[in-house]
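Both complexes below contain chain A, partnered by chain B and then by chain C.
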Partner chain A sequence: MTADLLIAAALVGLLAAAAGAVAPERLRAEVVSVLTVVASGCGLAVALGVLRSGRAAVVHTGRLLPLGGLSLRLDRFGALFVAVSAVVAISAMIFRLGYESHALSSRTASCVLPLFVTALILVPAAASVTTFLFVWELMAITSLLLVLVDHRRRSEVAAAAQWYAVMTQFGAAALLVALVLLATHADSQSFIAIAARSAGVPAWVRSTAFALAVVGFGSKAGMVPLHVWLPRAHPEAPGPVSALMSAAMVNLGIYGIIRVGDGLLGGGPAWWWLLLMGLGALSALFGALHAATSTDLKRLLAYSTTDNMGLVLLGIGASGLFASTGHPSLALVALVAALLHVVFHAVFKGSLFLSAGSIQQASGTRDLDRLGGLLQRMPVTGSLFLVGSAAIAALPPLCGFVSEWLLLQALLHGLPSSDLALAIALPVGVAVLALTGGLTALTFVKAAGIGLLGQPRRAQAVETREVRRSMWAGAGILATLCLVFGVAPFLILPAVLDAARTVTASHVLDPLVRGWHVGLAGAPGALAPGLLGLGLLASVVLTAGIRRALQRAAVRRTEAWGCGRELQTARMQYTATSFGEPLTRVFEDVLSPAHDLDVSHVAESRYYVEAATFHTSLEDAFERHGYRHAASALGWWGRLARRVPNGSVHRYLAFGLVALVVVLVVLG
Partner chain B sequence: MSSAYSSTLTLAAGAVLICAVVVLWVTSTRSMLIVVATQGTALGCVAMTLGVHVGDAGLIATAAVELAVKGLAIPVLIDRAAGGALDRERRPLVNVPASLVASAALIVLAFTAARGVATFVGATSGALVPVGVATLLVGFLVLVSRRRPIFQMVGLLLVDNGIALVAFLCTAGVPFLIEVGVSLDVLLAVVVLMVLAQRLRSEFGDLDLDELRELHD
Partner chain C sequence: MTSAWPAPSVVAVSVLQVLGVVVGGPLLVGLMRKVRCRLEGRVGPPVHQPLLDLRKLARRERTRPDRASWIFSVVPVVLVATTLVIALVAPLLSTDPAFGWSADLFALIYLMLIGSVVLALGALDTGTAFGGMGASRAMTIGALSEPALLVAVLALSIPAHSSNVPTIVARSLAHPAWLATPQRLLSLVAFLIVIVAESGRLPVDNPSTHLELTMIHEAMILEYAGADLALIKLGESMRLIVLLALFADLFVPWGIATAPGVGHVVVGVVAIGAKVAALGVALAAFEVAVAKLRLFRVPELLAGAFVLAVLAVISALVVP
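== the complex of A and B ==
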């Protein structure tokens, strides 16, 4: 039954792609969106069926793909990711109905978008090396084409796509080697057989495969230092695509790391997980710092994706570390916290990216320094953005709070430890989590405060109007889920727990207290998000009541924060740049800001300034110190290699002779 | 009977290799063509000896085709391509003594590398397999080290003769159709190269292949 639905999801996805290629332009967006929603709905139904029953959905045909055919097997762990992708895809497609983009309505884009969604649903179901690599590449290539959609209008798009193409192919090459290495040593390419035989594989092969998998999947998940494509490609993609990429595609990087590390290899030595924790901590801090200082709304969101994936990697690393040092119960809790954060991140980041898409379409810019006062002009979209911001900043009673709290609990309860690695790694992890949380709060105070509140910073912004209903409906579904999961995490916790148990084959009894409150079994401290929400609501009502009671007295109305001034202009407000400026100053060494101040004086006297312009730009430290050098080294190598084939027939023939002689010497 | 068979076979196969080395030694086109014709004839003799020994009519027919195509047709065609001009390989990329030393090294390599095949096939014909490999390598050396288009054609022919020799010795009878097909392919390649060489001469005068490097991008 579930297997049939899985096939149906794939077939409807292909049908949607075909429809996108042939439908007339007038109907294209509607037909493609509706069919893709149906495909995602089938995917969601399979995922929920598998999560509920625990029986994997299996599809196997000997044909369709070379080397062993198409092989799909969706277990509970994969089903969790399929469910997340499907929900994000449904919201993004509803959003797509109202999204006005000529480029996204082109024949190619309409054909590729459903394929991308189908690939997102099939990747967690792939059960053999060839099938996995096929759907993985399908996902990479379709997303690359979708990033490129707007390249005629803006030149940055092509550059972003180029970065993305290089990084995704680099990652795919690493994955290919890792998976083929495992498949050769296990003498089978089916994931089940690899998992069963991986214990007998030599240690160096296991470690190499894990390291390569971290590189390959990490680049997809936006892990520092392989994140450089993410803050370029995610902002340049059209609204619904950037939501799909940032809320669904990056998750599959996490999926891959857990599937290979915990599933196929069945855990490993402590240093693997310490490495992963280190990379996660670096990603979290670096992403949070850049998000806090970005002034481009979508770039800010993209950096915050790197930050959140860093936290997830921190959780996965901690889980592996606990498992390798003999704390299976804590290992499960940390993994559950990480997976929960993946799910919640998808929900709030999807909603934020969709709202940002609405804002960009309505106001024509995503530069925070030129936005402002949007909450009055776009009340629904603005409120949805606020809900997403509150969730990502981990404010109760929204979902971000629950997962970060659980992660913190897992790290804290491992603390009184005799193991040296744990004793060092855990406090660092807690500190990173705390600092990242603070920076994230600052980031979204900036994004919401500068973009939504205050006065419009330019003339066009005054005329901004609310977007179409289907657009805010798409973002609204995800924002509602933020609230529902935040108040009632018990709706999703059992599914996440089952998923984590499936992949680690863990037999630990329920390590969590579940119900209206959440906590670790046998440990002090519990969280009741519902009560917290109720308390918050009560305090809001109470404050409003007190305010109304006091308002009976005579009130003088004037500008808020106006220091009594009557006139408040848009230029008196904080801008996004000035808001982040103190932080830029503190972290000058990491962010290396470049300032450019240009002052022109009045001709008569140098004491009077006529105009002053100020530019500031931040560069990615990894890009400047790492990637530039790597690129120039590659260019040098390429020029050197070009000298070898100089056009002489004799030289080419000599290559053949030398190759033949080498083969004979080696084999003979 | 058996000893006559083995000495004939060894003699003919040896002639094939010696002819290949002599191609490296000579510089004039005319004498080179005589060597090539000799080599084609020797190859035909190898096939004929094997055919008579096994008593396979197909192999004997193949041998006849070999003699006609490689001993006669191809040398004549190459001679036509040369246009009767008595031109010489004046400055090869690797000079004659050096290429002879290199060919000695290649022959040693062929004998060490093909030892496995030799023991695998066994008997007289197996022991001669390295000779075929050596011919192939020497032919490749001619391709690499000589500038004139005619010599390039001959190099290609040597490579093909080496392959044919190995095929005859290993399988004691390549199917008739396949061998005829391969011979005709080589004939076709020679014709194409011949046309190319004539066009080159009419287009650029008397050019070396080495100077054609404008088209590589």
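== the complex of A and C ==
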């Protein structure tokens, strides 16, 4: 039954793609969105069925794909990711109904969008190396095409897509090698067979495969230093696509790392996980710092994706480390915390990206320095953005808090430890979590406070009006989930626990207390987010009631204090740049901001300034130091290689002869 | 730890805690002001002056800058409400307040964070330069002090195997020698620096400054008036007393009520009152002696607190 639904999801997805290619322009957006919602609905139904029953949905056909056919097997672990992708896709497609984008309504884009969603649903179900690589590449290429849709209007789009294309193909090459290596040694390309035989594979092969998988999947998840494409490509994509990429596609990078590390390889030595924790900590700090200093709303959200995926990697690394040092129960808790953060990140980041898409469409810009006062002009979208911001800043009683709390508990309960690796890694992990927590709060006070509150900073922001109902409905579904999962995490915790147990084949029965309160079994100290939420609500009502009883008169509107100046203009407000300036100064050594002050003087006297312009820019340190050198080295190599074919027929014949001799020698 | 409805006596203790925080907060601020004035050779207003100020403000008209949204008016309510919840669930008088099992030390810190975040949002909502300035500075300081606080909490939680305040307190009471270990002393200093930074006292911020350019906290609340200002003043004094009371619990736990019963609770009230008052006096005396730091020196202070907290964790691992 569930298998049929899985096939149905894929078929409806293909049907939507076909409809996108042939439907008349007038109906295209509606037809594609509705059919994609149906496909995602089927995917959600399969995932929930599998999560509930524990029986995997299996589809296997010998045809359709070369080398062994199409092989799908959705277990509980994959189902969790399918469910997340499906929910995000449904919200994004509802949002799509109202989103006005000529480029996204083109025949190509309408055909590719459903394919992208279908690929997102199929990746976690792939059960053999060829099937996996096929759907993985389908996802990469369709998302690349979707990033490109606006390239005629803005030149940055093409550059972003180029970065994305290079990084995703680089990652895919690493994955290809990793998976083929494992398949050769296991003598089978089915994931089940690889998992069964991986214990007998030589250690260096296992380690190589794991490292390559971390590179390949990590680049998809936006892990530093392979993140450079993410803050370029995610913002340039149209609203619903950037939500799908940042809330659903990056998760699959995490999926892959866990699937290979814990599933196929069945865990490994401590250094794998220390490496992962290190990369996670680096990603979290780097992402949080850049998010805190970004002034482009969507770029800020993209950097914060890197930050959150870093925290998830930190959790996965801690889980592996616990497992390899003999703490199976804590390993499971850390993995649950990481997976919970994946789910919650999808929920709040999806909502934030969709709201940012609404803001961009309504105001025509995503530059925070030009926005302001949007909460009064777009009350619903603004409120949804506030909810998402509170969730990502881990404020109780919203969902981000629960996963961060659980991750902190997992790290805390690993100490004190006699194991040196744990004793060093865990406090560092807590410090990173704490530092990113503070930076995230600052980032989202900036995003919400500068973008939504105060006065409009440019004329465009004054004219802004609320977007269509379907757009805020799409973001609203996810924002509601932020609150629901935040106060009642028990709705999702069992499913996440089952998923984690499935992939690690863990025998730990119940490491967590779960009910209205969450906590580690057998340890004092728990969290009752629902009760805290209720308490907050009650005391807000009480306090507001007391204020009302004390002062019944209506609030008087006054002019703000301006040090005695009469005129207060919007230009006197802090901008996003100035808001982040103290932090930029504190972290000057890491960020190394470039300032450019250009003062022109009045011709008559050098003492009078005629005009002054000030530019400040922050470049990604990895891009500046690492990638630029790599790109120039590649260019040099390319120029060198170009000298070899010089047009002489003799030379080409010689190449042919040499190649033939080499082949004969090797095969002989 | 149980989810059953708490016994009436336990609820009574929690209510007492909330009342103590609401009334004690302004009194603590008054006491600190009085100490400062005396040390500076002035007479100073009576200790209960902040309560009188609150009564006066509560009857005054509320105002709102013409371009601010509804967020501006919600901020004072949320600030007080989150602190009320903390006062309800945090173990201040007794180790077993009603609903105390619903929040650990991390949860209390994140509840505090709500207050800081809404204050900054309210400041940005005024659409003025001062609001933005205050919000930017306060959030930068908050972003740097939070890690120090969390790591200091970790250092306290490691030996107790729990981040639950009653568990930590119980362990300190059972092993008094543990209070003098290096990790306790290091995290104590880190904790103190963070309290000073979070509550906007000297040398990080000057609560009695009248010069807008040097303001941090005061710049954020410049536009509030009347009942709103009363709530904000109340909220910040409540935050201060809660922080000091938590500090007292964690580092000088003696006297806290460990069992229900009138006698225990009375001792608890007297003990926590004396400890908080002593801490307040010490802080005020310290404020007289120091000058405000330049804004860009504050991160160095907080980085120092962070390093101390990390050292505390390391020594907690080495010296269990």
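Just so we're on the same page, the second predicted complex is superposed on the first by the 641 of 668 C-alpha atoms of A that agree within 3 Å, B and C clash if a C-alpha of one lies under 4 Å from a C-alpha of the other, contacts with A are read in each partner's own complex, and residues count from 1 in each chain.
Quick note on the criterion: contacts are C-beta pairs under 8 Å (C-beta built on N, C-alpha and C of every residue); 3 or more make two chains touch, one makes a residue touch a chain.
Because the structure is a prediction, the values reported are computed rather than measured.
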Touched partner set for A:54, first chain B, second chain C, both or neither: neither
First (chain B), second (chain C), both or neither touched by A:665: first
Which of chain B and chain C A:539 touches, first, second, both or neither: second
First (chain B), second (chain C), both or neither touched by A:583: second
Contacts of A:649 with chain B and chain C, given as first, second, both or neither: first
Chain B versus chain C as contact partner of A:657, first or second or both or neither: first
Chain A residues touched - chain C or chain B, whichever exceeds: C
Touched partner set for A:635, first chain B, second chain C, both or neither: neither
Chain B residues within the chain A interface of the complex: 93, 106, 109-110, 112-116, 133, 137, 140-141, 143-145, 147, 152, 209-210, 212-217
Of chain A, residues touching chain C in the complex: 292, 372-373, 375-376, 390, 393-396, 401, 405, 408-409, 412-413, 415-417, 423, 427, 430-431, 433-435, 437-439, 441-442, 445-446, 448-450, 452-455, 515-517, 519, 523-528, 531-532, 535-536, 539-540, 542-544, 547, 550-551, 553, 555-563, 568, 570, 572-574, 578-583, 585-586
Of all residues in chain C, those that touch chain A in their complex: 1, 3, 58-71, 73, 76-78, 80-82, 84-85, 88-89, 99, 101-104, 106-107, 110-111, 113-114, 116-117, 120-121, 123-133, 135-137, 139-140, 142-151, 154, 157-159, 161-164, 166-167, 212, 222-223, 226-228, 230-231, 295-296, 299, 306, 310, 313-314, 316-317, 320
Of chain A, residues touching chain B in the complex: 645-650, 653-654, 656-657, 660-661, 664-665, 667-668
